[in-house]
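First chain A sits with chain B, and in the next complex the same chain sits with chain C.
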Partner chain A sequence: MQISTNPWVWLGVFFTFSVLSFLYKDNPFYKLAEHVTVGVSIGYFMVIWWTNTVNPRFIIPVFENGDYYLIIPAIMGLMMVLRIVPKWSWLSRYAICFTVGAGAGMGIPRSMQASVLRQLESTMLHLGFGTTTGINNIVIFIGVLAVLIYFFFSKEHKGVFGGAAKLGIWFLMVGFGATFGYTVMARLSLFIGRVLFILQDFLGIPLAG
Partner chain B sequence: MLWKKQIPLAITFIMGLVFGIQYFVPHRVSDTLFKNYLNFAIVIGVFGTILAYISFYRAHTMRIRRKAPAWPYSVIAIIVSIVMAIFGFAQGMEAGTVFSNMYFYVLVSIEATMFSLLAFYISSAAYRAFRARSAQATALLVAAIIVMIGRIPLGEGMSFWTLIFPEAPTFPDIANWILNVPNMAAKRAMQLGIGLGMMMLSLKIVLGIERSYMGGGD
Partner chain C sequence: MAELKQERTFWERLILIDRRVIYLIIALAMTLPFFFQMGLPIPATKEVQDIYDHIEALTPSDVVIISADFDPSVSPELLPMFDALFRHCLKAGVKVMAMSLAVQGPGLIEPVIHDAAKDYNKTNGLDYAFLGWQYGFTLVIMNMMEDLKQTFPVDYYGTRTVDLPILQGVETFADYDLIVSLAGSAVYMNWLLYAHEPYNVPLACGVTAVSAADVYPYIQSGQFLGMLGGLKGAAEYETLIEEKRMATMGMEAQNWAHIIIILFIIIGNIGYLIIGRKK
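So, the complex of A and B:
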């Protein structure tokens, strides 16, 4: 065992324990970690934003390539910033309506394509009892139909319709359970990652694998 | 009223109509329109981000000025953000710089630990939620347990029945089946609902029925 002499590793361990201390109760160390996260994130994204967006997509095109038409959205953007001036805040609506309107317009056919037609296409598969894939496709088809029936509230869930809706609940429950289990394991692997950081990087304990 | 409400609503309607139709027009002009809109949206987004930064600094300076509870943490947040930005602009983002070390040893450490913290809370929530009160709750419990066992290396070894039936599916096989078949069916139906909902919301925005995005006031 050889404890790390790297001050950054010490800082990482300090913040790891500061966050974990919340398991006991809210305390100043956790609050410190929380606000440091906010500060570091803001500073980090400021640099990334400038390097990846502002400079290549606005400064260089306008001032070096002469794409002066980008001044129009810049003016609209400035109008958006006026949101913070109560007297002129209504001007921000022009930029918001411009982007929201276009986004909504684009959203209609694209949602239809990606979320409705593509999903329907993926459900309309070869159904059959001969192969495992065929049986799985039947289960998926019945499941999609049953869950859709469950979410259809314009007709009372009675009789065959009600039975199908109940089957839909079963599919949803299994789906939620699977998602829950998957999330728990993802969180646990993050926790294992932090434990490994403390054991290997900080305490220098060599671990196999 | 005209300048503050009706003209912005007309802009939303026209933009919605133009870009709703644009999708179906396979023409050079239509493509150019779409590309130019994307450039416009990026530049507007740049200023939107400035607004976000102003909001952040304004909110925290207000807290400091008013000596709100726990205000010293706002000082820390402001100082850390400025220090991070200064080092990023001065040194660049290469490995070994203060900026990169702050990212890996501070931000990644804290965020990973915060998310891992959820493992503890999610487990205690599971205890309350997973009590097998009904057959459907039991289905949720069983699916979650199988997926959890199936995702660990030990899952293969825990499939004791394979000692008698070597060809039988193991925990990881069952977990994968649950994720790819019944879970997929539930997710797909939800995705269909979400898609239809998004279309309806977009339509309501274009037609001016939904106006909450414009904010309050006149």
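So, the complex of A and C:
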């Protein structure tokens, strides 16, 4: 064991325990860690954003290369910021209109293609009991239909229709169970990351691979 | 009054146990396995194997782009994925490019790239490129499909990308043979919408375990050729490339924690059943 002499590692350990202390109860150390995280993240973003984006993509092209057309999107960007000035906040709507319009125009057709049409296509499968794939396809086919029926609220869930809706609930429950299991796994992984940091980087304990 | 004084049964006490005791047990279950590794097997699932096979089938002139679209909050899950994938690409000898759509991504992957390049004796700009971060998510993806060097005028280290030997002949989507988005959010969908769907670029993703269940429909439809799901996905990939690193180490702790949680769920439900029957 060789405890780190790097002050940044010590700081990391301090903030790790500060955040984990919330599990016991809310306390000033947790609050400090929370506020430092927000502050540092925004500060870091601002610096990188300026050096990677604003300077090379606006300041230099406009003032050194004479690409004055870039002033138009820059003005629209400034109009967005005017939301914080009540007297001029109405100007931000024009910039937002442009962003929403462009975003919707780009996104809707592609979302339809990727998330609706291609997904519909992938439910049109070869069904059969002869192979594992065939059986899987039957499960997918029935599952999609049953879940869609469950979300169809214009007809009362009774009789055969109600039975199919109930089957849909079962499929949804299996989905939620899988998501919950994965979520538990994700949260544990984050803790594992911190344990590894404390054991390896801070305490310098050689761990078995 | 007599009812109030009635002692709680074992099951009632168990149900009302302080949550902090559970946290402590879980913490111990996840720390001790680092000292007593049992070496449980981590076989690769099909989604992980497919990514590995795709990279194995590439030739040295083929291009793989790994986009580290995550920040520190999810790095314990996604950084091992980047590490394993990047090492595999170096080992396979393909042209690998690292980039990020998340502002904190480059700072996280830079040490990993440095260590991997050192281990495999590879040179920046010649064997791999580190393009860094650009602002704009969707716009970055759309731009790089049309012109990679215009999207990233300089790499992470400030070298002009037109001067990088590895980027000679790499211009547009037609030159990309695989894009892997390691996403801490739903950014992988941006790659699907703006890279795979319009240009048919082969796409895979690595996501946090929370998001993994959401990706399966897109794997089943063939839109993603594979997926690394959470720490387990990263550990499976480490198994495939035969390098037991961060993720493999963590999986032992993960397994023990899962056993404890499953036991808690079973005990809790038995308790509820018994208490329920009594009431």
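Going forward, the second predicted complex is superposed on the first by the 197 of 209 C-alpha atoms of A that agree within 3 Å, B and C clash if a C-alpha of one lies under 4 Å from a C-alpha of the other, contacts with A are read in each partner's own complex, and residues count from 1 in each chain.
Everything below uses one rule, namely that contacts are C-beta pairs under 8 Å (C-beta built on N, C-alpha and C of every residue); 3 or more make two chains touch, one makes a residue touch a chain.
Just so it is clear, the structure is predicted and the values come from calculations on it, not from any experiment.
In the overlay built on the shared chain, the residue A:Asn27 is in contact with neither chain B nor chain C.
Contact with chain B, but none with chain C, is seen for A:Val9 once the two complexes are overlaid on the shared chain. Looking at the shared chain after the overlay, A:Thr131 reaches neither chain B nor chain C. Looking at the shared chain after the overlay, A:Asn55 reaches neither chain B nor chain C. Look at A:Ala178: by the touch rule set out above, it reaches both chain B and chain C. By the touch criterion defined above, A:Leu199 lies against chain C but remains apart from chain B after alignment on the C-alpha atoms of chain A. Of the two partners chain B and chain C, more residues of chain A are touched by B. Contacts of A:Leu207 after superposition: chain C is touched, whereas chain B is not reached.
In the superposition on chain A, contact of A:Glu121 is made with chain C only, not with chain B. The contact surfaces that chain B and chain C form on chain A in the two complexes overlap at residues 23, 41, 44, 48-49, 53, 106-107, 110-111, 114, 119, 122, 140, 175, 178-179, 182-185, 188, 190-191, 193-194.
Note for the complex: chain C touches chain A at residues 20, 23, 26-27, 30-31, 34-35, 37, 71, 73-77, 103-104, 132-135, 138, 142, 153-154, 189, 192-194, 196-198, 208-214, 217, 220-223, 229-232, 244-246, 248-250, 253-254, 257-258, 261.
Chain A meets chain C in the complex at residues 23-24, 41, 44-45, 48-49, 52-53, 56, 106-107, 110-111, 113-114, 118-119, 121-122, 140, 175, 178-179, 182-186, 188-196, 199, 205, 207-209.
Contacts from chain A toward chain B in the complex involve residues 8-9, 11-13, 15-16, 18-20, 22-23, 31-44, 46-51, 53-54, 57-58, 61, 69-70, 72-74, 76-78, 80-81, 83-84, 89-90, 92-112, 114-116, 119-120, 122-123, 136, 139-148, 151, 168-185, 187-188, 190-191, 193-194, 197. Only residues 3-5, 7-9, 11-24, 36-37, 39-51, 53-56, 58, 70, 73-74, 76-85, 87-89, 93, 99, 101-107, 109-120, 122-123, 126, 136-137, 139-148, 151-152, 175, 177-196, 198-199, 201-203, 205-206, 213-215, 217-218 of chain B touch chain A when the two sit together in their complex.
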